[in-house]
Structure formats: structure tokens, C-alpha cells
Amino acid sequence: MSLLQVKDLTKRFGGLTAVNGVSFEVKEGEILSVIGPNGAGKSTLFKLITSFLKPSHGTITFKGEDITHLPPHVVARKGIVRTFQETNIFKEMTALQNVVLAHHLRCRASSWGIFFNSRQARKDETEFHQSALEILTYLGLAALKDEEARNLPHGHLRALEIAVALAANPTLLLLDEPFTGMNPEETDTAVEMVRGIRDRGVTVILVEHDMRAVMKISDRIVVLNFGTKIAEGKPKEIQQNPAVIEAYLGKEDEEAGF
Amino acid sequence: MSQMIINGMVLGMIYALIALGLTLIFSIMNVVNFAHGQMYMLGGFVVYYLYGVYQLNYFLALIAAALALAVIGIIFEKFFFRRVIRLAKREENTMLLAMGTALLLENLALFSFGEKQRGVPPVVTGVYEIGGGYLPAGRALVFFVALFLVIGLLLFVQYTRPGRAMRALAQDKEATYLQGVDINQISALGFAIGAALAGLAGGLLITIFAINAGSGTAVSTKAFTMIMIGGAGVVSGAILGGFVLGFCEAIGYETLPGSTTYLIIFIALILFLIVRPQGIMGRPQG
Amino acid sequence: MAATRKVESERVEEKVREGGKGKPGILSSVLPFSLSSVLLFFLGLIYLIIFPLLYRDSRYVLGVVINASMLSVISLGVWLTFTIGRTNISQGAFALIGGYTTAILSVRYGVSFWLCLPLSGLMAALIGALIGWPILRLRGVYFAMITLSLTEATRLAFLNGGDFTRGGTGIVDIPRPGALSIAGITLIPAFKGSDPLPFYYLAASLLVLTLISLRRLTQSRIGWVFRSLRQNEELASSIGINVAKYRVMAYAICCFIGGLGGSFFAAFQQNIYPATYTVTDSIYFMLYCFLGGLDYLFGPVVGAFLLIISFELLHSIQTYQTMIYAIIMITFMLWLPNGILSLRFKK
């Protein structure tokens, strides 16, 4: 059974239809990429899946449950966590504090328990601290754990954002342009990192412009153009799909990496 | 009924003028001018002294009020806001600065002018009857001067070079800077015009309502209400907000006892913002 | 600016090479407790025990410190809403609500002050939560403007409350706190005559309790969640934090504290009017926070004590109090935007 089902999803902003009747499924344990030219509606699609926007029409089903109209923090609680296109981090906290905080969903102590520092609250925090260190080590950030996030260089900041998302214990992780601003070497490391995350049992959807990385990493690809799905399939099939080539016409050679 | 419409139109027009000044400063600098009401009050006092006490021509007094407030606006922008906006890590800093300037103006006025209520004799006399309601000539004058000023401002913003630069600055600061616009100069001009509008409103309205040194806070609160109704930073919203509040007041004062009008307006405002936090014309936040 | 960024990034890279080994502080390795906690302990000792013993007969001195203490308490609430990134100009409204709750309950229904005090806090918190739930969706200047209107609206509501709130004449015959006894044992004797000493002990205990509770709160996970809301609400909700719940929580706690403060002053001054707390008072509460420094729990306490006590010492300038407050506000924003405490303690 598929983990996530998007059915007939539509979002209109005034007269503009950003996402138009898009349907697709995500299987458990796969890496699915959503690609398309600028303004194709990829980011809007992400915001719809994570409930940061309300769809005009259509449904989103996760593990067989309709999650279309739940608030974002409840969607996160169900196991769907996203990263953001622009840098999005708690700037005035250290890397470690960022990741410890992001364990929030796993809190078992009540608010009163947290206030009075109950045994459960202390146990939670010790556990989160250890888990956070593990995640930071895994993503190569252990040395920077006490550094304030705003001082981190770009590449590490991207990794920290992923660390924050991982701490929320996602079943499905949505990465919004994770490789932007990275050089080819950094991208290769990051690709390995995303694979590693998938191997830990997290299903991944990503929106990305870097075609070389997309072709390398994806199990399947969904292509959007002007808010409509124009193709879906394995990387090889997508590369040969005439509709896709058409959509990318004019920059299909080098920029798009075909 | 028609009396309420007449009163609503006059109030709405002058309120639109007040809200426009506030929204102009907000859109250009992202600063809420908490001293807007105090600037209104100062404008009133300039007219009171020049026209009421020294018997100068009313319109000259009005122009003097506009100029005096424009100068205060420039001083505020140049010496206070420019530095704080540049240095501030938090938005709260500019807010507290703005509140500080409001208290400062209010106290300066208190020490210079005392606590007395001040009004001026009517500029024109006579009463018109329109459809069963009465419109005193003094109010008609206020209405038309305010209308003239609002239209003038809209034309200025739309068609002149500095006006266009202001609109550009409100849209995108960096792009405006890259186009070679002197941002400091335009900001100072915007602050000066916003302050002058407040002063003009005060100078106009003192012919109808008396003022004292403490009138400012109430006017600021009204101005905030208007731009929250219409949407902050949007010209059409400011005008709409002004008229909505003007009519609410006109209706409330006819039908409700004392200060309950504003109580109901505030409650309605909070309920309205639940449904539409960005105001009628505003862009959604975030 | 660009140069410091560069140095900063070099320092970070050095750290990557080092492998993140930090140097432990010299003092913290020798002493089992920090210097600042020793300092705090002695300050607390002086404040709670030595000072009231020395000045027990000076009504004036005690009165000044009582004022400063309770205004600190009320401002601490505002400080908490700053931690979630909201500029809150409504604290005057909730002090008013607390004050009127105590006034009406004790005058009209003869309820003991010791019950009125918590009930006033709860009433303020309840109303705060109800109003806060919708208006906390607003941010920045929008939130500031709506809370300012709220202070005005509350004043008008009490002004138009008819016989229930006695309108503009206010409630002027609020009794002093009686004895608090449980099961026949008197825990707190009645506040008799015009002796301010019991009020001093009450104010001091409320301030210490508020400080301890808020310190606990801000150091706990809840405090971190509050800070995360100030820095990035979008990210907070994406990692599963119920943003609406926590910001209402912060606001309700702020209102609770405001209600407590209002209740205290109602009993201390034995009167309350619609104009007891106005927009200007709400702004002063913020000023105390800024003056001490928004990043420090003790910020509002330092700010309030400093301003209130210095005005008492400089009698001759009291007529110019608001003017000087205005000048302080402007000067601080221009040259010391992070408050007095930022001079000594780097965050």
C-alpha cells in the first residue's frame, strides 16, 4: 500500500491556478523527486501536503487517513515533516539546542510536568539530548553543536535544517531544494546523506532543480508544468519523455543536465 | 438618517486624511508612527495660536501647521528613526522609539500650552440643508479641504517622481536602492508628508472639536483602528478605513450613550480581525 | 559588518578542525556554585529580611519599594510575551481587570482578599486566553496596535459598567486584607491600620515567587518553545509544535501576572478607577523591560527599580517624570537598545 496519496489536488490563488488536479502516490521507502520549470507549482504542492496552505480542491491521504484539513503541527505529529526552500532555522539557538527542541513531538511529560521538572521531563530531555547528538554526529555537525545557528556556513546550515527535521521523527520527509547553493562535491555528499536517511526507513520527497542530483538519487520522478502533472516515472523514462523535454525546451542541454 | 450620513461623510473624509498620513509612513519605513495623534494635536495648536490668538488668515495658519509638522517629521526621521532602524535587531525597538516620541511631543505640548481645552472661532458661518439634514458651513469647508488634500496626495504619489519613488520603496527597498534612488531622502520626505497630513488634519478639525495637549493618544488609537480595518500600508485601505470609522462614529453618537460607541467599535474590530487579520484591503501577512 | 562575518566564519571553521573541544571556564571548575548565584542569594536575603527590618518604621521608603516590586511583577508578564515575539501593550487592561475583580468581589460580596488575589489572576488569565486566541495570530505592529486598542476598550468597559463598576467614580472603599486562617490556624494575621510592612512582605514574596516561577519556566522546554516562536513560527509548527497553544499559554500567564498585580494594588491603595491603568502605563511596563534588557529575566526588575527609585531620590524633577521617561526611551533605543544589563552580561 502506498504511504501517501495525493488525489486531484488543486490550489487557486485568486485567478491563478498554482496546482491543477495533481494526483500521485508515494510508496513506503522510496525517494520521489518533484521537478519542473520555475513557477510550476512545486513549492505550493509541498505547502499543501504539509497543510501550510489549504487546497481549493482534492484530498491528501497519509497511511490511509485523510489529512487534508488538519493544522500543520498535527500533520507533523502524523509523521510528515518538511524543510524549507529558504534557510529556516532558529537562528539564535545553538545547533544542539535547535535539534533538542525539534524532539518536541516525542515529549511524554505534560506541561505541568515540564514546569515542575518531573522525572518524566528529565528523562525526556536526557533522551533528546543523546538522540540530538547522534543526529548531529550522523550529519557531520557534532563539532559545531555549541555554535549559534546564525554563525554556521551555508552547507552546514542546510545539514542542520535536515537534522531538525529528522529530530521530529518523520515517516515522510519533504525536502525543498536541499542542494541549492552547493558545489558538485557538496551535492554528492548531500545525496549520500539523503540516501542514508532513506535507508534508516524514512520515505523522502524532494523538490530540486539540480537535474544531475535528481537523476542520481530518485527512484521515481513526478514532473509538473504550469501546475499540472505532465509525466511520472523512473529517471530513465523521464529523460526520454517528449513532454518533459518540451517543458524544458531551450535549456535541455547543459543546464537541465539531459 | 440624512444627518448621520452628512456627519459620517465629514468625519470619514478627515479620518481618511489622518489614516493616509499614518499608512504612508508605515508603507515606506515599516514604522507605526505612534506620535501621529500628537502631531495632529500640534497642528491644531499651531492653528489655534496663529488663527485663534494672533488673528492670522486661517489658510495661512493651516499651511504653517503643515510646514511645522513637516519639519518635526524630518527631524524625527533624520535623527531618531534612521539610526534605530539601521541598528535594531528587533522590530520592537522602533516601536518603543515611536512611543517615546509620542510621549515627548505630548509632554512638550503640556508644558508649553497647558492642559486647557482650546478651540477656534468658525472660519465660515451659515448652515446648508441637504435632504432633511443640516450641514454647517464650517464642516463643509473641512470636508472640501480634506477632499482636496486627499486627491492632491493621490496625484502626487501616482504621477510625480518622488511619489513614484515612495511607491517603489514601499514595494521593494533593495530594488529601489539599486535604481539609484536616495532612500534616506525619500524616507525623510515620506515622514515629512505623513506628519504634515496629521498636522493639517488637526488644523482643520480644531474648527469643529476643541483639543488639548492630551488629545493625541485618542487620535492615534482612532488612526490605528482605521488602518487595521482597511489594511496597513495600503492607500485605498486607509481611505476606506477612515470612512468606515467615520460612519460608525456618526451612527454611534446618534444612537448610543456616551463612550459605549468606542467600546462597541473596539469589540467589533477584534471580532473583525479574527475573520480578516490583514484588514479589508491588506495583503495577508507572512 | 562584512569583516566581522568573515572572522566569525573563520572561527567556526577552526572549530570544525579542532573537533569542538571547548575550554572549561576557570572559575566554574573550582567553585561548586557560580558567583552570580551567590550574589543573587545575598540580594534576596537583603531584600526579604534585612531591608524590611531596617526600614520598618519608614512608611515612605517601604511604599516606594512596594511600588517598584509590584510594577516589576506586572512588567515580568510583559517580558514573557516579548519572549514569544509579541509587543504587548495590553498589560494595563489586565491589571485593571485584576483590580476590579478584587474590588467587586471584596466590596460587593465580602470575599476575603486571600481568595480574591488568585481569583483576580485567574479571571485575567481566562479573559486573556479568550481574547488572545484570535488576536495572537497577528504579529509585529499589528499585534501592538490591537493590544493598544484593547487597553482603551477595557478602560471604556469599566467606565460604562454602570452600577456594577460604579463608572468614573471608581470603587474607593476596598477593605484591607483580613486574616488568612485554615482550619482555625491563622497563617497570616489581618493587615491592620495603615502599617505598610505586611504589604511589603506580600509584594516581596510575590516578586520572588514570580521570578522563581518564570526562571523555571524559561529554563524548561516550554521556555525554549516560547523562544522558538519568536524566532520562527513557521519552522516551529513544521516540527509539530502547536504554535497557537503555546502563544496563548504565554499570553495567559502574562495576563495572570497582570491580574495579580492589579489585585495587589487595589488592596494596597484601597481604590480603583477606570483610569488607574491607561495606555501610558502599558507602555511604561514595556519601558521597564527594555531598560533592563529584553534578553534577561531580571531586565524588568532592574528597569523598574532603577526608574522608580531614582525618581523618588530626585524629587525636584518629578513634575517632568513623563518627559524624562520619553527621553530615556528615545536615548536607549538610539544608544543602548539591548538594555542596561547588556553592558555587563553578554548573552
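To keep things simple, chains are lettered A, B and C as they appear, and every chain counts its residues starting from 1.
The working rule: a residue touches a chain if its C-beta (ideal position, glycine included) is under 8 Å from a C-beta of that chain, and two chains touch if they have at least 3 such contacts.
None of these values were measured; they are calculated from a predicted model.
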- [ ] Walk from chain B over to chain C along touching chains and report the minimum step count.
- [x] 1
Task: Centroid comparison with chain A (C-alpha atoms), farthest chain - done: B
Open item on the list: Tell me the chain pair with the top count of C-beta pairs in contact.
Closed with: B-C
Task: Centrality ranking, top chain (CA atoms only) - done: C
Open item on the list: Using mean CA coordinates as chain centres, what's the gap between chain B and chain C in Å?
Closed with: 33
Task: Intercentroid distance (Cα basis), chain C paired with chain A, Å - done: 41
- [ ] Round to the nearest whole Å and give the separation of the Cα centres of chain A and chain B.
- [x] 47
Task: Shared interface positions of chain C, touching two or more other chains - done: 234
Task: For chain B, residues that touch 2 or more chains besides their own - done: none
Open item on the list: Residue numbers of chain C touching chain A in their complex, please.
Closed with: 8-9, 11-13, 15-16, 18-20, 22, 216-217, 220-222, 224-225, 227-228, 231-232, 234-235, 237-244, 249
Task: In the complex with chain C, residue positions of chain A that touch it - done: 50, 52, 71-73, 76-77, 81-82, 84, 88-93, 97, 100-102, 104-105, 107, 111, 114-117, 121, 124-125, 142-147, 151-153, 164-165, 167-168
Task: Interface residues, chain B side, partner chain C - complex - done: 26, 30, 32, 80, 83-84, 87-97, 99-104, 106-108, 111, 217, 221, 224-225, 227-228, 232, 257-260, 262-263, 266-267, 269-270, 273-274, 277, 285-286
Task: List of chain C residues in touch with chain B within their complex - done: 82, 87, 131, 134-135, 137-142, 144-146, 148-150, 152-153, 156-157, 159-160, 234, 279-280, 283, 286-287, 290, 294, 320, 322-323, 325-330, 332-334, 337-338
